Every structure is written in structure tokens, then in C-alpha cells.
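You will see chain A twice below: alongside chain B first, and alongside chain C after that.
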Partner chain A sequence: MKGHMGKILRIDLTSRSLSVIDTAQYEGWFGGHGMGSAIFWDLCKDKAISGYDPRNVITIMTSPLSGTLVPSASGRTEICGIGIQSYPTEWYTRSNVGGRFSAMLKYAGWDGIVIEGKADKPVWINIINDQVTIESAESLWGLDAWQTQEEIWSAVMGERNYEGWWQVGTARDSGRSTQKPAVLAIGQAGEHLNRNAAIIHDAGNGAGQGGFGGVWGAKNLKAISVMGTGSISIADPNALIEARRWHQSRQYNVDAPAMQFPTDNFPPMYGTMARTPGFAPLILPVTEPSRPKGCAGCFVACRKRTQSGYSNESTCVETAYYLDGGPEIQWKAADLLQRYGLNVYDINIFNYLRELNKMGILGRGKQIECDLPFEKFGSWEFIDMYCRQIAYREGIGADLGEGIIRASAKWGRLEEDLNSGILPFPNWGFNEHYDPRLEVEWSYGSILGDRDINEHDFNWYVHWMPMVTAAAGQPPAYSAEKISEIFAKKLSPYNDPMMPDYSEEGIYSDAKIKSVAWHRHYTRFYKQSMLFCDWAWPDLINVNVPNLEGTTGEAEPKFINAVTGGNITFEEGMELGRKIWNLDRAIWTLQGRHRDQEVHAGYVYNVPTTVPYHLPVYENGEWKFSTCEGRTLDRNKWEDFKTRYYKFEGWDPETGWPTRAALSSVGLGQVADELAKNDRLGK
Partner chain B sequence: MSKLSKPSLELATKVLSELEYADRLNGYRMSPAVGNARHSLFSFQEATNFLKIGDIGDLMIKGGSTSIAFINPQELRTWVDRVYGDQELVAALDELLATEASLAEKISTMKQLMKERLDGCHAVLAAENDNQKDKEGHYA
Partner chain C sequence: MSDKTQNSENRELSRRQFLKFAGGIAAGVGFGGSLPRLFQLSDGIIAVPASEGYLLIDTKKCAGCLSCMMACSLVHEGKENLSLSRIQILQNPYGRFPEDISQEFCRQCVYPACVEACPTGALAADAKTGRVRIVYQNKCVGCQQCVEACHYDPSRVVWNHEDKYSIKCDLCANTPYWNEKGGPDGCQACIEICPMKAIAFTKDIPRQDMEGYTVNLRGLAWKNLGFPTD
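What follows is the complex of A and B.
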């Protein structure tokens, strides 16, 4: 298949041996998550082991689109394996990081990396085109993720400056580059085996959820560096360029925005929706000279690089987790996470800790000993001490490094605090993202899977647009009925206009089953295997074109086929997503998954929503936006929904396990055999 | 334009005090890609500082690059009544609740009212401190 480089690097850290997997063996999975899950299935013989176990197999995968000109699909890297963050079970899981690592790995001639075993001493992997060495990382151990990358750049590049061409490697034909090596590295949090440790790349890219930084720490793996000077063979370069021009022409036009804003000619549709360049970092009020920064191949360029260098490339929640001390502390707090290699979603629990402190439970000399200076909350001193304690497992960090969910369990508070909602972790011990009682593709998808899904596919359109416009006292940019109309066109193969109904009935409807299934299948293939970026895809509703219809459905296969030379349809891609979703389900089943576990935290059922949360609803025969206040999930209706969802997927409604029929329908008969051998095949 | 009269010394002292856990107020920070996050607010000052929304133009332009720090107006009204017994501020909030103002306008007005009350309380306590100093000086 064009777009593939033809080989996957397999590294056994225990024996320090290297081998090559022929990509063609896994070509049917295309890349990314699908390919990673298939390799994990084959190589990880006991799937019920801990994520810390040396036998855990970690895959770091690119896609055929990585390193090409496919917009917002070229720069992401998918990491899979048994994670250490989820609770109570350490599920097989995934994380995904932007930047340029995947592109550089392809330029070096590799489609992915498979890590097995555990090194006896700290190591880093040095990949320069087809030359791969396992280097000692003993001098790097103890350094933060930025220092580690700088040391590796120097080790690979020598004294060369970063501003010109340089000869890569020692062979005459090994090529030249203007680029630094692309490095994935862990900081101190990973070295201390934290369950909230991230893998960091460049200044502000992190694979946080899953705790893969701690998994690398357990393997004594400090970093992987790659430097490539090759290129990628594209099946139809002309078609690729034309597809990119076509897609880009339908996006935000700086010179002539499609919709005029009454003041300053700004578009009325808010950065995230119109995708104005540099619309992220999310909440970062950059008040100094800066420029947009994109991942490899992306024209959206959602990040920023700033004159001061603070929070460079940081994009998401890490820019917004510590807002109480003013902008400079906020920016520097983002950098703390990148340097220590900490997952913001797990450590963003100040409210919970402050509440325990106020209750007189946590603090100096209290039941839970903690010397953090809560009286200085908002200061640099507080956040500096807080992050350091977690990264080094000092003080309260000894507990918090296990992740807040396990810390709370240790303190004997977990059940009570999940029920009351003061610890708002609705699914598998992951922090709440969007309201699990209302925006249910998110919460259902998370509990039916392995983690907080972090997939914004519907979110921008169904929630954020009506929320912001209502807050501003403006009419919505498009109606709830329009969302229904476009979703019915775009969400193939189901095409049900009731899918975006978030009413009290709608969230348990058959249409919602289709909506959840579409979301699971679309993301598993297009976003996590082909690695289309979550912040740009799917392109469902587009305010930059008169009919508001995005390119999704037409664009994805157009790009994939231009690169690969294949002839895949959008629906075939969805079916591949279903196949990958079923393979993951089989892995979780072997890890002990049962339908009885697929229940949200107590507060989701007990505590009604109290703030306006705009979503489309279909009530009394008409579409409208509702603020959905006073809502909870109904336990019985959720159980009924689960039964119907399992049947829809072809899974056993009693257990939630995949059946032979479901697995065989996507060509996974051998997976059914393995489940049967373990007495875990659904009936 | 000032809406609130000078607070009593008792109210001023209460308004400027740190609250116990049971008297906390919930605020919510709303952000795209992050969702709504609840924040416990343990003083009048903290609640006032928390409320935030860019002006409407800013929200329209930046959208995803801005956040809304929101307190439910009804919850705020109940809290002011229950914790502080500040009937004048309660009445002003009732007036706001009766309007069709947008969320942005409500947040802005709530913040103005609370800031006005805070400023008044600071002034009363400062005057009281000056009084005490005078008395101490007189008897010294």
C-alpha cells in the first residue's frame, strides 16, 4: 500500500534486540490504532497483565497519511498498550500525540515502533533512518522532558546549530536536513512510575491519558529519538494536491470570511468553529507577540509560539488548569506539566483537594497529611510545589502519583466522593470532560470503552456553538433543525435525523444507539487509525460555505485514496472502525470486562445538573436548543440502553462480550476462537 | 451608578471573612475542549474575582480562546441571602433575575454588584480601623 514505508521496528528491551515486522502483514488495518491493536493482539500473549509488567507491549504507530500533505492528518502518533491510569482495571488503552514525530518516523523509513520487555538500566532509542541503536540513558535519568530532548538533540546533531542544513549520520548517502530529531521523552513523573505520567514531544505535545509515561518508566525507557531524511511515495500526488486545495478552499478565508462580524470584520463564528488560524491555545490570553504553530502538514495551525517562550505549543487543558494567579503564572504552570511529563487531566483536582482541606480532612496534621500551602492557592509557589511533589512522589505526591482515583480509594473516600460528585470522575477513574448526564456520546462512549474518549466530533456543533452564542445574547449560528438535517446526511451509514436529540427521551433512543456506534466506529478508524486530528475532523458543519455542509464523507476517502492508491469508500472505512472497535472489545473481554462494570460514577445518576448546558433537543414535535438543567441519567434506562446497544453491535446482552457472529462479520474469526478458548465468547 | 448603600459594620465583617465548607458557593468555568468545571468558592471576594466573561465582542471574535466563569444567578441570590442575609443585594439580584439579559450581561452585572458591595465593606472596615486607631491614640 502506498503511504506505508514497509517496515515496523520491533524492540525487545530485555534482550536489547531489534527486529523488523513487515508492514504488509498488517496492511488491512491501515495504521495507527487498528494496526497497533492487531500487533498487540498477536504479541501480548497474556492480556490480563498489569501495564507495569515487562510483558506489556506498547505500539507507537503512524498512518499512511502521516508525513504527507493531507491537512490535519499528517502529524499525529498513536500509542497503544495496557495503560496504568484506568480504575479499577488497567485497561488496554490508547493515547495520541501531535507534532512531527510520526512524520519523521516515516521519513526514517518506519511505519511504527513496537516496544516489548524491560531494560535492566535506563535507555533511549536512537533512530537515524535505518540505523537503530539502544543507548544508555543513565545520564538523562532525572532530567525533565525538555532537558532530555535538548541533550538528545546535541547527542545526535553534535555542535551543529539548528538554523541550517546538516549532514545526518555518518554515511555519505544518509541525507541532509534542516530539522532537529523528533523525540518522545518522559520526565520525572514517568521515572517515578506515576499513573498520571505523560510522554512529551517537543515543547507542548503530550500523550497523557493512559499513563504511558509511567509505563515507559517501568520499562526503563527514557526517550525515543528519530531523524529521517527519506520521503514517502504517494499514489497520486496530483489528486492529493487537488484534494487539499479543494478542502482548504472551503475553510476559513482570511481575505474574505464567509460571514461578516459586525465589528472589525471578524467572523461571527468563534475560532473553534470557523477555525481561524491560531485559535488555540484554548484559554491562553496571549498578550505578547506570537505566531501560529501547526503540526506537520497542517494549515489550521491551532497553536502558538510566543516571544517569551512561555507555554509554547501548549494547546489544550494544560493552558487552563491553573487560572487563579494571572496570565504569567498560568503560562508557566503549563510548562511545568510539559517538563515533568504530567497528565493535566489527572492532576487538575485542586477543587477536590481544597474541599477536603476546608472539611478539615486534608492538611498539615490532618487525617490526610498534606503540607501544600492552600492559603497561597493561585501563587507560583503553590503550583510549583504541587507539581514537584507529584512528579517526585514527595509529600502528598506519594499518593497523588498513583492518580487521584487510587489516592481517594486509599483515603477511604472514593465511593462517597464519587456519589456526591465532589470527585467528578464519571468513567473508569478519568476526570469529567463534558457533562456525562447530557452529552452522552461522550459518557456512553467512554464507559463502553477504556478511557475519557476526548473526541470532539459532535461537541463543537451541538454544544459549544449554541452555548457561546446564547452567552453572548446572539442567535445561534445555525438551528437545531439544521444540525439534525446535516447530521442525517453526514453520519453514514445510519443517516438518522434523530441522532442529535439530547432530550430526556432522546439520550436513550434507538437513534442515540446509532449515534454512539457511529462515533465509536468513525473515531476508531478515521481519527485513531488514519490519524485525522480531533480538532479538525470530522468536518460536519462548516460556517465558511453557504450550505453549511462540511467535507466529511467525501474528504476522508478522497485523501486516503490519493495517498494509498486504493479505492476505499467512507462506509468501508466505518466498517473498518467497527472491526477495530470489536478487536478492542475482545481485548477488554480477556482483561475481565463484563457489562456489570459498565456503570458511571454515582453522581451521574444522583446529582442533577445545575448550569445551562445547551444542546439540541426534539420536544413536542420541534427541534430547539435546551439548557438541559436539572437532568441526571436514569440507571434503569441506561441498563436498557446498554442491552440494546450490545444487541446493535452483535454482543451478548448478558455479558457485553462479543459473539462469534459479530467477530466473524468483520473477519475476526480467530479472535472469536481465542475468546472461546478462554470461555469468554458471547452467546 | 451606585445601587447599594453603605453596609453595616457587621455585614462588612461577614462579607470579608473566609467561609466554612458548608457555606461554600459553586462556580463553573466553561471552556471549549475542557467542558464545565465546578469550583468551590470560599469567600465573597473569591466569588467576585471568579466571575468572568470577556465583552461580547471578545467572545464573538475569540470564541474558543476564551472561557466563561459562571455562577448561577439564582444560586448566588440564595447564597447571599442564606450566608450574609444581605437583603439589599438580594433585591438587586432579584431585579436582575427578572430581566431577559443574556448570560454575558448577567455575569457582568453580578460582578459589578458584588464588587460594589465589596468596596463598600472595605471602606467601612477601613473607617472602623481608623476609629480604633484614634481611640487607641486618645487613651495612650
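What follows is the complex of A and C.
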């Protein structure tokens, strides 16, 4: 298949041996998550092991689109393996990091990397085209993720690591580049095996969810560096550039935008609708001179690099988790995360810790000993100490490095605090991202899976748009009925106009089953295997064009076929997504998954929503936007929904396990055999 | 576009503008058959006819997404490879705006050292391709003297280590993998693809100084996004 480089690098850290997997063996999975799950299935013989176990198999995968001009699909890397963050079970999971690593890996001639075993001493992997060496990382151990990358740039390129052509070796035709090596690295948090440790790339790209930084630390793997100077074959170059022109012509025009913002202070907020440059750092108001920064091949460029250099490339909550001290401390706090390699979502728990402090439970000389200066919350001193303690597992960090969910369990508070909602972690020990009682594709998809899904496919349209326009005192950019109309057109193969109904009835409806299934299948293939970026795809409703219709449905296969030379349809991609979703389900089943576990934290059912939360609803025969106050999930209705969803996917409604019929329908008969052998095949 | 990109009052530029139109007449004067494209000015400076087009890049508007590099490699070589791009974007993720990125692209020099250095006539500035400094691959013998001769670092003449010939920006005059008319009277892939519209085209010779061209393509819409326009 064009777009593939033909080989996957397999590294056994225990024996320090290298080998090559022929990509063609896994070609039918295309790349990314699908290919990673298939490799994991084959190579990780005991899938019920801990994520810390040396036998854990970690895949770091590209896609056929990586390194190509396909918009916002060129730079993302999918990382899979058994994670260490989810609770109570360490599920097989995934994370995804932007930047340019996957592109560079392709230019070096590799479709992915598979990591097995555990090195006896700290190491880093040095990939320069087809030359791969395992290097000592003893001099890097203890450095933060930025220092590590800078040291590796110098180690690979010598002192002249910028501003010129760098020659691979000494032969005239061995390749040259002006780019820095692309490096994935862990900081001190990963070295200390934190369950909230991230893998960091460049300044602000992080694979956070799952705790893969701690998994790397357990393998004594500090970093992987790659420098590539080779070419990726493209089946139809003209079709590719013309598809890019076509798609881009329908996106935000930076010089002549179709949408005008109502106020000066709202660019990032309106950027969630129009996909404007630099919208990802949610900083209001915008005061710091900066430029937008895009990952490789991106048409949005949602990040920023700033005049101060603070918060370079950081996004979203990273730039806004610590607001009380003002902009400079806020931005520097983002850099603490990137340097230590910390997952912001697990450490953004100030409300909980301060509540325990106020209750007299946590603090100096209290039941839970903690020497953090809560009286100085908002200061640099506080956040510096807080992040350091977690990264080094010092003080309260000894507990918080295990992740807040396990810390709370150790303190004997978990059940009570999940029930009251002062610890709002609804799914598998992951922090609340959007309201699990209301925006249910998110919470259903998370609990039916392995983590906080962090997939914004519907979220921009159904929640952000009405919320932002309401906050600005403006009418919605489009009606709830328009959402229904376009979703019905775009969400193939189901095409049900009731899918975006978030009313009390709608969230348990058959249409919502289709909506959840579409979301699971679309993301598994298009986003996590083909690696279209979550913040740029799908293109469903587009405020930059008069008819509001995005390119999704037409665009994805157009790009894939231009690169690969294939003839895949959008629906065939959705079916591949279903296949990957089923394979993951089989892995979780072997890890001990049962339907009884797929229940959200208590507060989701016990504590009604109080804050206005905008979503489209269909009530009394008409579409409208509602603020959805006073809502909870109903336990019985959720159980009924689960039963119907399992049947929809072809899974056993008693256990939630995949059936032979479901697995065979997507060509996974051998997976059914393995489940049967383990007495875990659904009936 | 800022008027900083144009400077008709500059004496040197006026001469260059003259050369732009006079080049066809003067070609070959004073030189043997091995260097038919060059001619000599009265002050002894060797020059070739001025290019009929130039790229302009707003260094503060560029988002460092590398899309221009991918587009360049794609339309010229039919494959994706940053090392085969005739425009190079260098950056430091930890750098401070605006010094975090530098955009290195061919200036279509009025006094092109690369053309002068080529011993085979593979580097030329022909009228049929709008006088852009272009490599004719069938004549390139791979001596890399053009790569070495370029006054800029990194060299704007790129060595294609896979196909063994030099390549450089031709304003898309010769794009075998793109069904679009290129060159000074057509489209350029990097301009078409840049999502920030940070690259522009001009037929007027831009003013240069030690810092390179001074280009400002940022207007009110850019300001409204919260980015600087100064």
C-alpha cells in the first residue's frame, strides 16, 4: 500500500535486540491504533498483566497519511499498550500525540515501533533512517523532558544542531536535513513511574492519558529519537494537493474570514467553531505577542509560540489549569507540566485537595499529611512545589504520583467522594472532561471503553457553539434543527436525525445508540488509525461556508485514496472502525471486563447538574437548545441502554463480551477462538 | 501587503529592474559558449536577467506547520520528503516568537552564484520559464558546485540524494506531479497550500538587507485573532 514504508521496528529492551516486522502482515489495519492493537494481540501473550510488567507491549504507530500533505493528519502518533492510569483495572489503552514525530518516523523508513521488555539500565533509542542503536541514558536520567530533547539533538547532530543542512554520515547520498530529530521523551514523573506521567514531544505535545510516561519509566526507556531523510511514495500526488486545496478553501480564511467575532476577547472561544489559528490555548484575554503553531501538515495551527516562550505549543487545560496567579504564572505552570511530563487532567484536582484542606482532613499535621502552602494558592511557589512533589513523589506527591484515584482510595475516601462528586472522576478513574450526565457520547463511550475518550467529534457543535454564543450574548451560529439535519446527512451509515437529541429521553434512545456506535467506530478508524487530528476532524458543521456543511464523508476517503491508491469508501472505513472496536473489546474481555463494571461513578446518578450546560434537545415536537439543569443519569435506564447497545454491537447482553457472530462479521474469527479458549466468548 | 516589499527608489534595484527587461538582449555578451546566460555589467558584476517573480514570506505569520515543504516535495518529486523541499522551515520549539522559526527560501538572486557556478549549463534563467533560476535535471552532473556556491546557509540549492541531482525553487515552473500552471505567471504550491497565507508572490524585486526581505502580510483579520501586526 502506498503511504506505508514497509517495515515496523521491533525492539526488545531486555535482550537489547532489534528486529523488523513486515508492515504488509498488518496492512489491512491501515495504521495507528488498528495496527497497534493487532500487533499487541499477537505479541502480548498474557493480556492480563500489569502495565508495569516488562512483558507489556507498547506500540508507537504512524498511518499511511503521516508525513503527507493530508490536512491535520500528518503529525500525530498513536501509542497503545496496557496503561497504568485506569482504575481499578489497568486497561489496554491508547494515547495520541501531535507534533512531527510520526512524519519523521516515516521519513526514516518506519511505519511504527514496537517496544517489549525492560532495559537493565536507562536507555534511549536513536533512529537515523535505517540505522537504529540503543544508547545509554544514564546521563539523561533526572533531566526534564525539554532538557532531554535538547541533549539528544546535540548528541545526534553535534553542536551545529540548527540553522543549516545536517548530513547523515559522510557519504554524499546518505541524506541531509535542516530539521531537528523528533524526540519522544519522559520527564522526572515518568522516571518515578507515575501513573499520571506523560510522554512529551517538542515543547507542548504530550501523550498523557494512560500513564505511558510511567510505563516507559518502568522499561527504563527515557526517549526515542528519530531523524529521517527518505521519501514517502504517494499514489496520486496531483489528487492529493488538489484535495488539500479543496478542503482548505472551505476552512477559516485568515485574511478574509466568513465569521466575524462579536468582541475582541473571544478569538479562542470562537475558534472552537471556526477553527481559527491559535485557538487551543484557552487564554482570555489575548495579551502575549505570539504566532500560531501547527503540527506537521496542519491547516488549523491551533497552538501558539509566544514572545516570552512560556506555554509554547501547550493547549487547552494545560494553559488554563492554574489561573489564580495571573497570566505569567499561568503560562509558566503549563511549562511545568511539559518539563516534568505530567498529565494535567490527573493533577488538575485543586478543588478536591482544597476541599479536603478546608475540611481539616488534609494539611500540615492532619490525617493526610501535606505540606503544600494552601494559603499561597495562586502563587508560583505553590504550583512549583506541587508539580515537583508529584513528579518526584515527594511529600504528598508520594500518594498523588499514584494518581488521585488511587490516592483517594488509600486515604479511605474514594467511594464517599465519588458519590458526593467532590472527586468528579466519572469513568475508570479519569477526571471529568464534559458533563457525563448530559453529553453522553463522551461518558458512554468512555465507560464502554478504557479511558476518558477525549474525542471532540460532536462536542464542538452540540456544546461549544451554543455555550460560546450564549456567553457572548449572541444568537446561536446555527439552530438545533440544523445540527439534526446535518448530522443526519453526515453520520453514515446510520443517518438518523435524532442522534443529537440530548433530552432526558434522547440520551437513552435507539438513536443515541447509533450515535455512540458511530462515534466509537469513526474515531477508532479515522482518528486513531488514520490519525486525522481530533481538533480538526470530523468536519461536520462548518461556519466558514454558507451552507454550513463540512467535508466529512467526502474528504476522508478522498485523502486516503490519493495517498494509498486504494478505493476505500467512507462506510468501509466505518466498518474498519467497528472491527478495531471489537478487537479492543476482546482484549478488555481477556483483561477481565464484564458489563457489571461498566457503571459510572456514583455522583453521575446521585447529584443533579446545577450549572447551565448547553445542548440541543428535541422536546414537545421541536428542536431547541437547553441548559439541561437538574439532570442526573438514571441507573436503570443506563443498564437498559447498555443491554440494547451490546445487542446493537452483537455482544452478549449478559456479560458485554463479544460473540463469535460479531467478531466473525469483521473477520476476527481467530479472536473468537482465543476468547472461547479462555471461556470468555459471548453467547 | 506592506509597501516595504517594494522600493523603486533604490538605485541598485532600478538597475535590477532594467536587467529584468534588458536580459534577453544582453544575453551572451562578453562570454563564451559555456556560459550563454550570463552577461557583464559595466561595473564588472556578473549577472543574469532578473527573475520575473519572487516569493515573499511573512516570518511572523508562518505557523511552522511544514505544509509548504510537503507541498513543494510533492509537486516537484511526486513524493513527500522534507529533505527534498526547496523551501526549508527551521524552528526551535523552545524559542521565543518571532525568533523561534526561520524560513529559508530561494531569493532568485539577481547575481545568482548558483548559476555562475554550474559548469554544464544545467542551472539557467530562461525566458520560457520566466527567468527563474532553474535546474535542468538532464544536464546536472551532480558536482554540487551550485549547492556550495549559494551564499545562504542553509544552501537554497538542495541536493536530491535519492535521484542524484540538484534542485531549487523554480516558482513551480516545472512541477511534473501537479496539473497546474506554475512559474511567474502561474501558481506556486507553497503559496496555494500555506494555511496562514504567510507566503505571497511578487513580480517586483523585493528590497533586501542583511535580515532578508521585510514582509508584512498581517492585516486586520490577523489582529482580530489576537496576533501582532507590527
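The rule is simple: the second predicted complex is superposed on the first by the 663 of 683 C-alpha atoms of A that agree within 3 Å, B and C clash if a C-alpha of one lies under 4 Å from a C-alpha of the other, contacts with A are read in each partner's own complex, and residues count from 1 in each chain.
One rule holds for everything that comes next: a contact is a pair of C-beta atoms (placed from the backbone, for glycine too) under 8 Å apart; a residue touches a chain by one contact, two chains touch by 3 or more.
Just so you know, these numbers come straight off a predicted model, no measurement behind them.
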Ask   = On chain A, do chain B and chain C fit together or clash when superposed?
value = fit
Inquiry  = In the overlaid three-chain picture, which partner chain does A:612 touch, first (chain B) or second (chain C), both, or neither?
reply    = first
Query = Between chain B (first) and chain C (second), which, if any, makes contact with A:291: first, second, both or neither?
reply = second
Which of chain B and chain C A:419 touches, first, second, both or neither = neither
Task = Scan A:323 for contacts with chain B and chain C and give back first, second, both or neither.
result = first
Task = In degrees, to the nearest 10, note the angle that opens at the C-alpha centre of chain A toward the centres of chain B and chain C.
result = 100
Query = Between chain B and chain C, which makes contact with more of the residues in chain A?
reply = C
Query = In the superposed arrangement, which partner chain does A:460 touch: chain B (first), chain C (second), both, or neither?
reply = first
Query = Should A:474 be classified as contacting the first partner (chain B), the second (chain C), both, or neither?
reply = first
Message = Can you report the least C-alpha distance between chain B and chain C in the superposed arrangement, rounded to whole Å?
response = 7
Message = After overlaying the two complexes on chain A, where does the chain B footprint on chain A coincide with the chain C footprint?
response = 261, 264, 268, 271, 285
Key: Complex contact set, residues of chain A against chain C   = 67-69, 71, 74, 100, 103, 106-107, 146, 150, 162-165, 172-180, 202-204, 229-234, 237-238, 240-242, 244-245, 248, 251, 253-257, 261, 264, 267-268, 271, 276-278, 285-286, 289-301, 305-309, 312-313
Note = Residue set of chain C touching chain A in the complex reads 60-67, 70-71, 73-75, 77-84, 88, 90, 92-98, 100-102, 104, 144, 153-155, 159, 161-162, 164, 177-179, 189, 192-193, 195-197, 217, 219, 221-222, 224-228
Of chain A, residues touching chain B in the complex = 261, 263-264, 266, 268-273, 279-285, 316-317, 320, 323, 348, 351, 354-355, 358-360, 421, 424, 432-435, 456, 459-460, 464, 467-468, 470-474, 535, 610-613
Inquiry  = For the complex, give me every residue of chain B touching chain A.
reply    = 20-21, 24, 26, 28-40, 42, 53, 56-57, 59-68, 70, 72, 75, 101-105
